[in-house]
Amino acid sequence: MTSNKLLQELLDRVARGDIETRDALEHLVEAFRARPFEDLGFAKVDHHRAIRQGFPEVILGLGKTPAQIAAIAQEIVGRGSTLLVTRASAEAFDAVRTVVPASTYHLEAAVITFRQQDVAPGKGTIVVASAGTSDQPVAEEAAITAELMGNTVERIYDVGVAGIHRLLGERHRLVTARVIIAVAGMEGALPSVVSGLVSVPVIAVPTSVGYGASFGGIAALLGMLNSCASGVSVVNIDNGFGAANIASLINHL
Amino acid sequence: MTSNKLLQELLDRVARGDIETRDALEHLVEAFRARPFEDLGFAKVDHHRAIRQGFPEVILGLGKTPAQIAAIAQEIVGRGSTLLVTRASAEAFDAVRTVVPASTYHLEAAVITFRQQDVAPGKGTIVVASAGTSDQPVAEEAAITAELMGNTVERIYDVGVAGIHRLLGERHRLVTARVIIAVAGMEGALPSVVSGLVSVPVIAVPTSVGYGASFGGIAALLGMLNSCASGVSVVNIDNGFGAANIASLINHL
Amino acid sequence: MTSNKLLQELLDRVARGDIETRDALEHLVEAFRARPFEDLGFAKVDHHRAIRQGFPEVILGLGKTPAQIAAIAQEIVGRGSTLLVTRASAEAFDAVRTVVPASTYHLEAAVITFRQQDVAPGKGTIVVASAGTSDQPVAEEAAITAELMGNTVERIYDVGVAGIHRLLGERHRLVTARVIIAVAGMEGALPSVVSGLVSVPVIAVPTSVGYGASFGGIAALLGMLNSCASGVSVVNIDNGFGAANIASLINHL
Amino acid sequence: MTSNKLLQELLDRVARGDIETRDALEHLVEAFRARPFEDLGFAKVDHHRAIRQGFPEVILGLGKTPAQIAAIAQEIVGRGSTLLVTRASAEAFDAVRTVVPASTYHLEAAVITFRQQDVAPGKGTIVVASAGTSDQPVAEEAAITAELMGNTVERIYDVGVAGIHRLLGERHRLVTARVIIAVAGMEGALPSVVSGLVSVPVIAVPTSVGYGASFGGIAALLGMLNSCASGVSVVNIDNGFGAANIASLINHL
Amino acid sequence: MTSNKLLQELLDRVARGDIETRDALEHLVEAFRARPFEDLGFAKVDHHRAIRQGFPEVILGLGKTPAQIAAIAQEIVGRGSTLLVTRASAEAFDAVRTVVPASTYHLEAAVITFRQQDVAPGKGTIVVASAGTSDQPVAEEAAITAELMGNTVERIYDVGVAGIHRLLGERHRLVTARVIIAVAGMEGALPSVVSGLVSVPVIAVPTSVGYGASFGGIAALLGMLNSCASGVSVVNIDNGFGAANIASLINHL
Amino acid sequence: MTSNKLLQELLDRVARGDIETRDALEHLVEAFRARPFEDLGFAKVDHHRAIRQGFPEVILGLGKTPAQIAAIAQEIVGRGSTLLVTRASAEAFDAVRTVVPASTYHLEAAVITFRQQDVAPGKGTIVVASAGTSDQPVAEEAAITAELMGNTVERIYDVGVAGIHRLLGERHRLVTARVIIAVAGMEGALPSVVSGLVSVPVIAVPTSVGYGASFGGIAALLGMLNSCASGVSVVNIDNGFGAANIASLINHL
Amino acid sequence: MTSNKLLQELLDRVARGDIETRDALEHLVEAFRARPFEDLGFAKVDHHRAIRQGFPEVILGLGKTPAQIAAIAQEIVGRGSTLLVTRASAEAFDAVRTVVPASTYHLEAAVITFRQQDVAPGKGTIVVASAGTSDQPVAEEAAITAELMGNTVERIYDVGVAGIHRLLGERHRLVTARVIIAVAGMEGALPSVVSGLVSVPVIAVPTSVGYGASFGGIAALLGMLNSCASGVSVVNIDNGFGAANIASLINHL
Amino acid sequence: MTSNKLLQELLDRVARGDIETRDALEHLVEAFRARPFEDLGFAKVDHHRAIRQGFPEVILGLGKTPAQIAAIAQEIVGRGSTLLVTRASAEAFDAVRTVVPASTYHLEAAVITFRQQDVAPGKGTIVVASAGTSDQPVAEEAAITAELMGNTVERIYDVGVAGIHRLLGERHRLVTARVIIAVAGMEGALPSVVSGLVSVPVIAVPTSVGYGASFGGIAALLGMLNSCASGVSVVNIDNGFGAANIASLINHL
């Protein structure tokens, strides 16, 4: 866009007396009103924000075709940005690696990554804790995302509250975290217990693991929203990526 | 705000050669970026919009104290605008009429009104149809709102689908409408039947009338969302005002 | 069971003086307490009931293997009873017709039938009305069931309330019914309107037809439970068989 | 209405040659098209229906003021009809008895009645069974309604399924019914068990009795809709009146 | 139907004295009562309505076989009407183009169309705005439907509220609309923001896009029903067609 | 009842030859069929059961008037049974103590008790654990019920999982239990953690404590049903009495 | 772990004077604080618990690959423990029997078992009762689990409450139970009726059997939670294993 | 506790040969097993944690009596800690100020505070943004809590998304935040839009503001959980305190 150029010209005409200031004013007011915001540098601010956050656009694979994913991936990598595709099928990866041969597919997490030199390091450690082995795919989505966003990640898996001693046995690792992601299905009690053991923010991720009255993760979600520990905030069911993004925002503060 | 004045001054200085165009450009770009939108005439657009819609701000009485309502009412009336307070208690009216003595309280609709000369007339008739006598307060909220917004309103009440002949008996009045508001609780079937009889848009308002499995209007709401008639759109439960506002928007097109 | 024989023997012994009445009493009281109810003729009453109702056991195909269905079908037909299998797949029919070659498969209704001479005729006509063409499988399940149970059935299909004139155009057929089954998905308003046109009981069947906020038939179910017409009772979603069974019970009164 | 009188006059004019048949035809066609249905005898059919059903309009007290209820009651009684007000408060009764001094208030059922000579007797007995003492208000609403509609009513109360012997002990009374109303809160299992013991239609009424996961009657409602007994149809939560109306329709067949 | 002819004959007989007026009256009253409504011109009104609305019957492909769809399509096209099949599979299109070779399949929208000369043009522009790329199929269903119904359609896609500047950047296109369709999944906030920027009716379409606590579109649906902007009405989840139909009704006013 | 007396007489008549054995048989078979079950000793079994369970009938105060409660209480106490009234208001207690002056009112638990010598002692200790102070009324209802039913009760209160060390600090008391009742609102995670620490059955009681997305105890209920610990079974929300009754049944095994 | 060995060595060094008691104290305190709990005998307690409960870890097959299941199975069997895999597919069994050739696959229950000599016998009989034939897979999961855990199991199947006589006919078997598992889908009324017939704890298992408003087992779950019988506690939908585990815990008391 | 002293003595006895190492080992193992965790310094860690977080225990006023609240308040203030009571009624404040006369009652937020010198300052600014005036009580609960916890708080109220320019007009203040709390009822769209404008974590608080299909805040809650912006995490409905606590944890990192 050449909006600055146009403004310059207008001002030049005013300076030259080629245009009445009253008329110039009218033009300016019009411009303020009608001009798309991105012409005003607004989109630039958005770019700044991407830079400040230390991470570019992420591709949610869900509901996109392999071809679409590959196309966007190529564009992102092409401009020097780190690539992250979540909820990516093996087919999607087949398409992506034809355009980004060095990309990696994390099967369990269903995530495609390709790291470039554009990510700022986080300040501390993000601990990703998960309750059961079935919660691991979501935990891995969170852990890989957090790592790609420049954070040191510590995984503490299979520490569900029904065997509380396993979690307590990992307390020395928990307390090293600057922020914790706690992933759990079924009754979703892990974040509450974890939050009571530490003094850092806990991002809770309910998973759709369970059956019957787990209602695809609703039981865990409600459990987390009603946490009796006051340091717990919650993201959508199975949203490992979202939790990692928030944890990374915090860890870059 | 004096933003135009400031711009004028800047341009004058450019015209006088008191300032370099390069510096003036910098000032302008800065203004585009940082200045609150309402300073840029954005809020004016909003005012224009109020004028185009033919109706100023409305007070939702729910969750406001009588004193708060009266204060806002005074301000609205003071700038020459028509007053509409919805979900207004008798106590709210007591407070309002101390500052707007000529205002009227519509008990059944729980609405306070005071009409001024700022409302453009709608083009056709808005029919407000309701299923049962208990739906009437919501229907009246819609009808009074629509009238205050400059529309001719025709009321067709107590024409529930269980006595279909009563509704059919009013068909000649239904077909005079430019837009119809259909208000119903319980199973909420009225809009479907009405929409099948006419060729104009039908705004459906579910009411919380009913008991047991009506779940405070959910049954009616779902019925209306699933209408087998394709000319029906829906607003929130008991939202007579919202339906009237949309109907009035349509009737002013 | 030979319980009567045993009682007879006991009484004979009492009559012969072979046993004290006090001891015989003890035996009797014991029998009253411990004996399974069906040994006491209770199951017979159940058989009587089947006869009174005019219909034997029905096979719900859902969740049974073709082999299981065929085995039960063979037993039912073998004792001279009319056969009805609901929710029957084509595979189930393949299995059934190897053992009941003369049985019929009603594809749309997913029902297998084989009529024998054990069903009493109903007194009047059962009208089966349905709202849309997609409701027809459920309506057919109801209609075929009702016919098999000895009732005269009149089908009035595709008379949804959004085209109310089609339903009204069938009013002369509606009023011939002794009991009406009204089948509808989406907003489920048909039973309310039908009930307002007649003076006989209306059995409402919500169907899972619809999408989005129909929630697999919940919208229709709630609509019917909240019917503003007071002659409507409701069965489970898609339960055409249940509606027909109740209608037949009524029509045999 | 005098529509027949008008038709008679038109025909008389045709007979007298006062009007051309072509013009008379036009008048007639116009009447067919535009005239409100009730003018065409449609409302009469409605009246016939009331007569056939053996019962006139009923007042649902819920959401009406005592004054409104009294006014409608006076009108109904004035035209010689039996009066039934459901969900009536003591205040409503105070208002009603000023205009219908001989009316009766049934406190537990919250029902006002005044019987006149316009109700046809039902053919058999309606049994009203209820599970717990807290279900009794709803059961009484059903029982009193059914009696007022001309039916012989047998009450079998406090026969919940957790003490199955009490219900079985009443089996001899259950089997005398032509139609049964089964009222239950909590898990709502009574209709299923009752239906298995008889061969007549069972109208199930869920009540809002219970706490916690009874969800104001939803648990009972779902239980009844999923009844494993196929002779059960269901009405809205706490809708004793509706159940009685349907039972009465059946009992008058 | 020849009802007018029959009436004429009756009147002629009255005029000739061939029949007593009393007997003729009886015949007439009988006719008023029993005759199907469509015989009275009622169905004709329905045809008129189709003409006034500018659009004939539409085929909802969901739950219909390709053969059924093709048959109805052939009938519609045969009588000169424009064809619209929604929720059409590729198989359905294979069947349709054997009978309507010139028909078009819109893959993303899953819509089959064939335009004929029977559709009246709308008055203004309908803007279809959508939040994310996954909402596009629903948006396209709406856009293609609206176009086929004679409207000028402007598409503004991928303007979700999390990147508000993109939406604001399109404000100059938004304000050209006479009516707006806003399509969004997830939290469904787009219609609220859009409605605050314009002064025309906004039809909101929730989509089933999302996962976890989006519950197949319920989150978006509730968000839209609770819109803090008062110009928003809502249709069923994924109901792009319905939104377009309402928008077209409005745009033809 | 004198059923045994009647049987005795019948047998005496058989013994005397006053009646044919065939006729006597007929009488007997008839008696088996038609006689109310409680006449057959069935109710006695029920009495036996009460004795075996160690506890008579309990009065649920909810929805009963003080007068009704007092009347039943008087009857229960009069036959020498221990009295338990749950969900009892202060008014109910005022009524009860006029007839059972020595009864006690437990304010927090809303329970009225009067112990008599008819309750068998349980074998071990029932631990009642609760998460927060607001769960205490439900925990007390359970504890007092369990004590009254003859059990030794140990209370471990305020051991919610957010401060896991408090619970672990009570582990030595937990492991003394033969059965545990775990009471918790909000996310309801206590039973899972407790069950992982012991090897006895845990009865989980969700409470309605919480706000917002606790939905009156649903969150806790779902959490408990989805417990990752396999020794947890659940009762209704706030049902302290029910949990105690089951725990007592187990503790008397 | 050899923690005890390490402690022994430390103490020996103290005894030998090889280490100062102050230093030894430091080591000990350190061990108490930092060492994972299982190293401190905590895990041993856990092992003790497994021994006391009479059953080792169980594999939930759901969401694990055949290879994963086989690996864990091999480990469990290798340390002499009895093997139980629930929700096991045929593929899982194929993998398991390559490592545990003598294991058995229970097709209907979807359970893999291999019994070793490490399970203590329960004290009495566990009755598993189920309502319909479709509930049998869940009932079998419960029955096989209970048997493997050392309990005598009595199966009473197909005793749904709609044919109450069948259940009553099995009353003599019901009363032999020390604990009862009652399995039912649809309205889930079986546990209530069963509990009223016995004086032992009843564990209720709702199943996902049903359609429409059974909502995948919610109706049955709610019915059981609202049981009017006070001896019923509930586990998750389809959780036959959990019910058996609790019943076995009780039966080993 | 003197556990270290006891250990010292034990080791001394070992050193002196007063006790066999085998016996000493036994004592130690016993101690590891049975000793409450807080004896092991675990509780101390908890105290450390309170100090690190910069905030002591908080009183949730909901469901506590004024006397209970005052007693806890006195204890907290007595040990030099800052006092915070949330959801406090005016009655609670009356009780509290008798024991903490200098405490303050924030009426709109329903919060009682008394600041002492024990709170560490946060690093940056916490912005509390709210959508409507009715959301203000929850926003104030958050703002006052955050201030009391040592944070600089900036309030941006009444910036709902339906008037997007008001929010955009405050963008310069938004971007000063280190963490943002976004409070909104109805459709709850504010956090999504805010998160798109900044690069810091956003804690979303749904409020119960709204009516009809807002379902007491569920609509807003779902909207926030489904936010299309990836920097949003959510707390329970109306949980202003919880959001502030998390924001403060982050702001103290």
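Which chain is which? They are A, B, C, D, E, F, G and H, in the order written, and residues in each are numbered from 1.
The rule is short, and it goes like this: contacts are C-beta pairs under 8 Å (C-beta built on N, C-alpha and C of every residue); 3 or more make two chains touch, one makes a residue touch a chain.
Computed from a predicted model, the values in this text were never measured in an experiment.
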{"item": "Label of the chain whose CA centroid is most distant from the centroid of chain H", "value": "C"}
{"item": "Centroid comparison with chain B (C-alpha atoms), farthest chain", "value": "G"}
{"item": "Distance between the centres, which are taken as Cα means, of chain E and chain D, whole angstrom", "value": "39"}
{"item": "Chain E and chain G: spacing of chain centres that average the CA atoms, whole Å", "value": "56"}
{"item": "Inter-centroid spacing, chain H versus chain E (mean Cα positions, whole Å)", "value": "51"}
{"item": "Residues of chain F touching at least two other chains", "value": "42, 163, 168, 212-214, 218, 221, 225-226, 230, 236-237"}
{"item": "Chain pairs in mutual contact under the definition given at the outset", "value": "A-B, A-E, A-F, A-G, A-H, B-C, B-D, B-E, B-H, C-D, C-E, C-F, C-G, D-E, D-F, D-G, E-H, F-G, F-H, G-H"}
{"item": "Contacting residues of chain C [partner chain G, same complex]", "value": "34, 36-39, 42-43, 46, 62-64, 68, 206, 208, 216-218, 221, 236-239"}
{"item": "Of all residues in chain F, those that touch chain C in their complex", "value": "4, 7-8, 11-12, 14-15, 17, 21-22, 24-25, 28-29, 32-33, 40-42, 45"}
{"item": "Partner chain G, residues of chain F touching it in the complex", "value": "49, 52-53, 58, 124, 178-179, 198-201, 203, 221, 225-226, 230-237, 241-243, 245-246, 249-250, 253"}
{"item": "Residues of chain G that touch chain D when the two form their complex", "value": "131-132, 160-164, 168, 185-189, 192-193, 195-197, 210, 212-215, 218-220, 222-229"}
{"item": "Interfacial residue positions of chain E with respect to chain A in the complex", "value": "133-134, 163, 165-166, 168-172, 209, 211-214"}
